[in-house]
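Here come two complexes built around chain A, the first alongside chain B, the second alongside chain C.
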Partner chain A sequence: MTTARFLKARDIAPWLEELSTAYTVLAPARHGDTVVFRDFNPANGIDMEHLSATPAKKALLPPCETLFEYKTTKTEEPPYKTAIELHPTLPEGKVLVFGARPCDARAMQIFDRVYDGNQARDPYYTARRNNATIVTLACDHQEETCFCDRVGGSPVDATGSDVLLTPLKAGYVAEALTDKGETLLNSTTFMKADGLKQEALNARHKMLEQVPDRSSFLDMERNLLSLFSDLGFWDKTAQACLSCGACTYLCPTCYCFNITDESHGDSGKRIRTWDNCMSSQFTLEGSGHNPRPTKAHRMRNRIGHKFSYYPQLHDKTLACVGCGRCISNCPVSFDIRNAVACAIQQADAAREHAHD
Partner chain B sequence: MTQHTQELRKLIAQELPNLDVVLAWTHGHNSLTSTPLFITTQEDLEKLDSGPMHVQNLAAYLPSLKGRKVGIVTRGCDSRTIIELLQEKLIERKNITIFGISCSGAVNIRAVRRAVNGESVRSVQADGDSITVTTNHGTHTLRMQDVLMDKCYTCTNQTPIIHDHMVIAQTADHVPGDAPQTTLDALDSMEPGERFAFWEEHMDRCIRCYACRNACPLCVCKDSCVAQSRDPHWLDQSDTPREKLMFQAIHALHSAGRCTECGECERACPMGIPVLAMKQALNRRIKHLFDYQAGMDAQSTPPLFMFRQQEENIKERDAR
Partner chain C sequence: MTNNPPNVYLPDMATIVEVVQETPAIKTFRVVLNSEERMRAFHFEPGQVGQLSVLGVGESTFVINSPPTRKEFLQFSVMKVGELTGHLHKLKAGDQIGVRAPLGNHFPYASMKGKNIVFIGGGIGMAPLRTLLLFMLDNRADYGDITLLYGARSPRDMAFGYEVEEWLQRNDMRTVLTVDNGTPEWQHKVGLIPNVLKEINPGPENTVAVTCGPPIMIKFTVQALQELGFDDEQVVTTLEKRMKCGVGICGRCNIGTSYVCKDGPVYTLAQLKQLPAEM
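Presenting the complex of A and B:
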C-alpha cells in the first residue's frame, strides 16, 4: 500500500529548504527569462508552471564531470623519469530532483540501460543514480510541442519516479512509488492524505482525457531503418538545420559525451563533457576522415538513434520521451514529429512501390 | 495572406525556372514560430509566408549553397549580411537573386512570451502596429513597438541596400517609437565589476551548444572552430562561466567589423543569453576608429581585412 500525503503549495519551499541539509536539491526556477533546473535557492523561487528549457538530466549526467585529477612529477636526476599520480573523483552526496516532469523521469531510465546495464556499468553514473531521488510533477496540460503520448508515455506517467505529485486545488497529492519516496514523505511538512488518493486518480484521469487521439511513433524501427541509404530524403529533412546541437543538449534522453584532459602546468583533470551528434566533429576521426560529413548524415543519426537503433537494442523502448524541448528551442523550429512522420510515410511508400 | 506575400509569390514564380532554390519562410509549429522554406517547386511556393513573425536571417544559408543559383527573400538588415558575404567572397553576386521586401519590424518572440507572462501561446495575429496573442489563459493585445527585435529600434535600412526585385506594398513607416533599454545601454551604465558579475550570471546557464555560432551567417569556420579543436587544444572544455565567456569573446573578436548586428546569435541562443551586446560594443569601437559599418557597401574592404601604415584615427606615432 503506497503512502499518500498532501503538500500545500506554500509548503514546497520550506520543505525543499528542509531537504537541502541532506540533499543537493535541483528544482525548476527562472534564470533570466529562461526556466532551468538549478540548485534550489528560495531567493530564485520555483517555477512549477512551465516546462523548463533544460531537462533534469544533469542530476545523472552533468554537463561537465571530472573523472580524475592528475599530477605529473619528473625525477631531478637523469634519466628524468616522469611519474603520474591519479586521484579518482567519484561523485558523492545525495541529489533530489524536484519537479521533474513525467517525460524527464522516464528519460532517466533510457540512460540506465546504457550506463548501468548488463554490458557496461559506469561508476560515475551509477554513483549518481543510486544517490538520486526523483520527485515528479504530473502535468496538468500538454504544451503544443508535447507528444509524450505518441512515444509510449503520458502526461501523468509515474515511470522512473520515486514520488509522483498530482496537482489539486491549493496543493499537491504526493504518492510514494519506491522506498526512497516513502522515506521522503515521512517529513512533518505533509498532511496525511490517503483519502485524497481517489481524487488524485480522478485528476489524472481527467488529464488523460484531454490528450488528443493521434498516431503513435512506436514500432517504427524497421520502417525507419529501411530509409538509411536514402540520403536524398535526409538531405531534404536536414535542409534548414544549422548543426548547432541545441536540440541534443536540451534533450532529456541524449547521453553522448566527449573526454578531454585539461592540463594546467604539471597537473590537471580529465573531464567528461556533453557532446552531440549534430556537431561535425562528433565522428571526426584521427585520420581526418569523417564518416558523417554532412548535416544530413547527422540528422539521420539523431532521428535514427531515437526511433530505430535504440529501440532495436532495448526492447522497443524509444529514446525519445516526447518532451518537445528540441522543437520549442530550435532556432529554425525544426520539428522532429514532422520529420519522423515524413520518414514513416516515405518508408511506407517505398515498400508499396517495391510490391507494385 | 497579405497582398505583400501575394506579390512576393508572384515574383518568385516568374524567376523560379531560372533558379535552383529560393530561400524564404513559412510558418513553424505554431503561428508564433517560423521556419525556413527551401523552394524548388510551385507546390513549395504555396507554403511561403512573410511578415513580422518571420525573423530568421536566411542569408546564413548562402555560403553553403555557393556555386548554385539561389534566390533569397531579403529585408534591409539581411541585405547587409549579403553585402558582407560578397565583400568576403563567400558568395558570388551573379548566382544570387535578391527578392527585396520592405520591412516595418520583426517580432522578438522572447519579448512576446515575456509580455504574456509566459502563458502557453495558442495563436498569434499580426495586424499593422499591434499583435494579438491568444494563450491558454486568454487574449493579449500587444503594441508592435514593444515587442520588436533590438535591431529594429535602430534600423536605418528598412529597404534592402541591394536587390534584384522589390516588393513594394507596405507604406507603413518604421514603427519603433521609443526604444526600450537595450542590453548594451544597461552595460554602458555599469561599473566594470558589475559588468563582470552580469556576464558571470548569464554565462552560468550557457550550455555551450554553439547555437550562437552556428546561426551566425558570418561565422564561417564552424566545422573547424577553435572552440572545439582537439589539437591544438585551445579552449578548456570545463563548464565554468569563465570558459564560456572566453568563447563569446572569441566570437565577438572574430566578427568585429564584419558583424552586421543581424541578431541571429542572440535569437538562436536557447538559454536567452544577450550575446549580441558584446558584438555591438566592438562594432561601436570599429565605427569610432575606422568610421566603418559592416555590410553597407559591397565595394569596400572591411577595416580589419587590410593594413595601413598610418590609420587616421589611431595616433600611435603621436603618442610616442
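Presenting the complex of A and C:
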C-alpha cells in the first residue's frame, strides 16, 4: 500500500457530496429498519456500523438493465416489409461504492471470472466494472452469521478493493490499493496520515484475533461431488426451504439472470433481470420437462455451484464470501453453514465406510 | 452501430426466405443474415445451436439443422409448444428475425470417421441428427454403414418427409421408421423407439450411436443401447436446455460444472455420467 490518508467521520458526507458530481455514489444507509446500499443522499445519512441487508452487487449488475432497444418500421407500399434496427445501450458513467465490506469486494472478483474472463466477455458488465471504484470498510467485528474466515476471506481482507478504510477513533485510515484509489485520495478532504499506517495495521490485527478458530469450507469440492447422487441428502437439506429466492437476491455472489423483451407498439427493448435458481420456473422447458424438478435438485445446484462447481472451474475459489446475508434474512432460518458442514461430515463418513 | 468488441447479446438481423410446414406442429424456417458480409463469413459445425429472436417476444434456442456443407441459408425447425414458438409460427417469408449463432460445441464428426453410425431420432429430436446425417451423406466415403431409426407419435408427426422418402430409397444407408400410433396406410414399424432399436439390433463394434429426442426417449434409448453392448463412449446425445445468454454466464443451463450452451449441447454418455443426473 502506498498512500494513507485520514478521513474524519464527520467529513464523510461532504466528501461523498463532492464525489457525487463525478460519480453515482452508492453507500450503506438506513431504509426503514434495514440498512441497504442506496444512491448517496446526505438526508439519508450513512450507516457504517451494520452489515447492510443487501450487497453492493447492483453497482456491477443492476437488478434490471436494458441490453438494447429496437425499432420496427414498415414500408408504406405493399408488401409492407418490415425493417428492424437494434441500438445497444452500453452503460456509461462512473460508479463509486463506498463502505463495501471485504466480503462485498471479494464477491466482485467472483463475478469478474465469469463476466469478464477467458471464456466470455459481457460488454455491459465490463463497462460498469471499468468505471467502478470500490471503497471498502474493514470490519471491526463479525456478526453471528458471518463466516468469511471459513471461505477464504477475512474481516479485513482488501481483495478487490481500490481503497481500504480501517476504523480508528474519530475516523478512518484510508489506504489506496490501486491507481483508482490513489486518485480518490487526492481530495483535500483527507488529512495526511502516513504515520497512522502502523496504527491501522495494529487495529486490523486486533480484528483478526477476534475471529474464532473454526473449520474451513475450502477444498471440499470433491466432498460435495461424492454427494451428487444422494438426492435423499439434498431432500432433507432443502426440506424447510420455501423457494422464495431471498437468499439469491441478497447474495453478493449470485449472478444468474433472465433476458426478456418489453414491447411498446413498434419499438421496445430487451432487458436482463436478476433471476433465482431456487425457483421451479428457472429450468422449466417449453415442453414442460424440468431437469431440476424438486427443491432437492435446486438446493443441490445452489450449494453445488458455490462450493463445488465454481471452485472446480476457477482455481478452487469458492463462490461464497461468507457474508451470512442468506442466513440472517431467510424466512425459515436456513443456514448454509450447517448444510455445508453436514455435506462434509456425510462425505467423510461415506469415505471411512468405504475403507472399512 | 459499433460492434467492437462483439456484443454477445446483440442478434444479427436476418430475413426468412422460406417457411416449410413439416407437420401440424413443426415448421422449418430458412433464414439469411441481412449483412451479406456476415452471411459469407458465417461458419458453423454440425450440432451447433443458435438463439432465434422475435423482437418484442424473446429468444429461444434451436439447432442449426442445415449442414455446413450447404450454405445458401441457415435452417431451423421449430415445434410449437409455447409463447415464443407460437409467435415464430406466425412468421412468413420476408419477415425479420434475430439470430445469435453459432453457439456451443458440435458433433465429434472427425473422430467418427471410418466408423458405422446409428442415428436414433425421436420427434423434433430428428432436427440436430439431420444436420449430421446430411453432413455425412455429403462426405459419404468417410463413414461406414449408416443406419437411421426415426420415430414419431404418428405418421403425420414425422418432419422432413421429403427427405425421409429419399433416405428410404438410398442404398448407401438403412432407414427404419416407426410410430407410436399407426394408420391403415402406414407401411413401416409401429412401436416405441427403444423396442424397435433392440429389434433392428445394431452391433456395437466400431459403431457410434447418436441420439436425440424427448428426455424420456433418450433415457430408454440409452438403456437399450447399453443392453446391445454399446459403451458409454460410443453413445452421443445432444441436449437442448432452456438457455438465455448462450455463452455460459446466466447460469440457467448448467449440469454441474458443464454449461450446455457452451460445453454442450453435444455430450457422450461417458461425459454425462460425470455430471449430476439433471438431464
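The rule is simple: the second predicted complex is superposed on the first by the 355 of 356 C-alpha atoms of A that agree within 3 Å, B and C clash if a C-alpha of one lies under 4 Å from a C-alpha of the other, contacts with A are read in each partner's own complex, and residues count from 1 in each chain.
One rule holds in what follows: a residue touches a chain if its C-beta (ideal position, glycine included) is under 8 Å from a C-beta of that chain, and two chains touch if they have at least 3 such contacts.
Keep in mind that what you see is a predicted model, and the values were worked out from it rather than measured.
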item: Comparison of chain B and chain C by chain A residues contacted; value: C
item: Which superposed partner A:279 touches (first chain B, second chain C, both, neither); value: first
item: Touched partner set for A:72, first chain B, second chain C, both or neither; value: second
item: Contacts of A:305 with chain B and chain C, given as first, second, both or neither; value: second
item: Touched partner set for A:246, first chain B, second chain C, both or neither; value: first
item: Chain B versus chain C as contact partner of A:49, first or second or both or neither; value: first
item: Which of chain B and chain C A:64 touches, first, second, both or neither; value: first
item: Which of chain B and chain C A:258 touches, first, second, both or neither; value: both
item: First (chain B), second (chain C), both or neither touched by A:188; value: neither
item: Chain B and chain C footprints on chain A, overlapping residues; value: 258, 260, 262
item: Residues on chain B engaged by chain A in the complex (per definition of touch); value: 28-30, 33-36, 38, 56, 60, 110, 113-114, 118, 120-122, 136, 202, 204-205, 207-211, 213-215, 222-223, 228, 230, 233, 236-239, 264, 267-268, 270-273
item: Parts of chain A lying in touch with chain B, wherever the complex brings them together; value: 31-34, 36, 38, 49-50, 53-54, 63-64, 141, 143-145, 239-240, 242-246, 249-250, 258, 260, 262, 271, 273-274, 276, 279-281, 327, 329, 331-335
item: Residue ranges of chain A touching chain C (in the complex, touch as defined); value: 67-68, 70, 72, 79, 81-84, 86-88, 90, 114-115, 119-124, 228-229, 255-263, 268, 270, 272, 275, 277, 282-287, 289, 291-292, 297, 300-301, 304-305, 308-309, 312-313
item: Chain C to chain A touching residues, read off their complex; value: 1, 5, 7-11, 13, 55-60, 81-82, 84-85, 94-96, 98, 214-215, 241-242, 244-245, 247-257, 262, 276-279
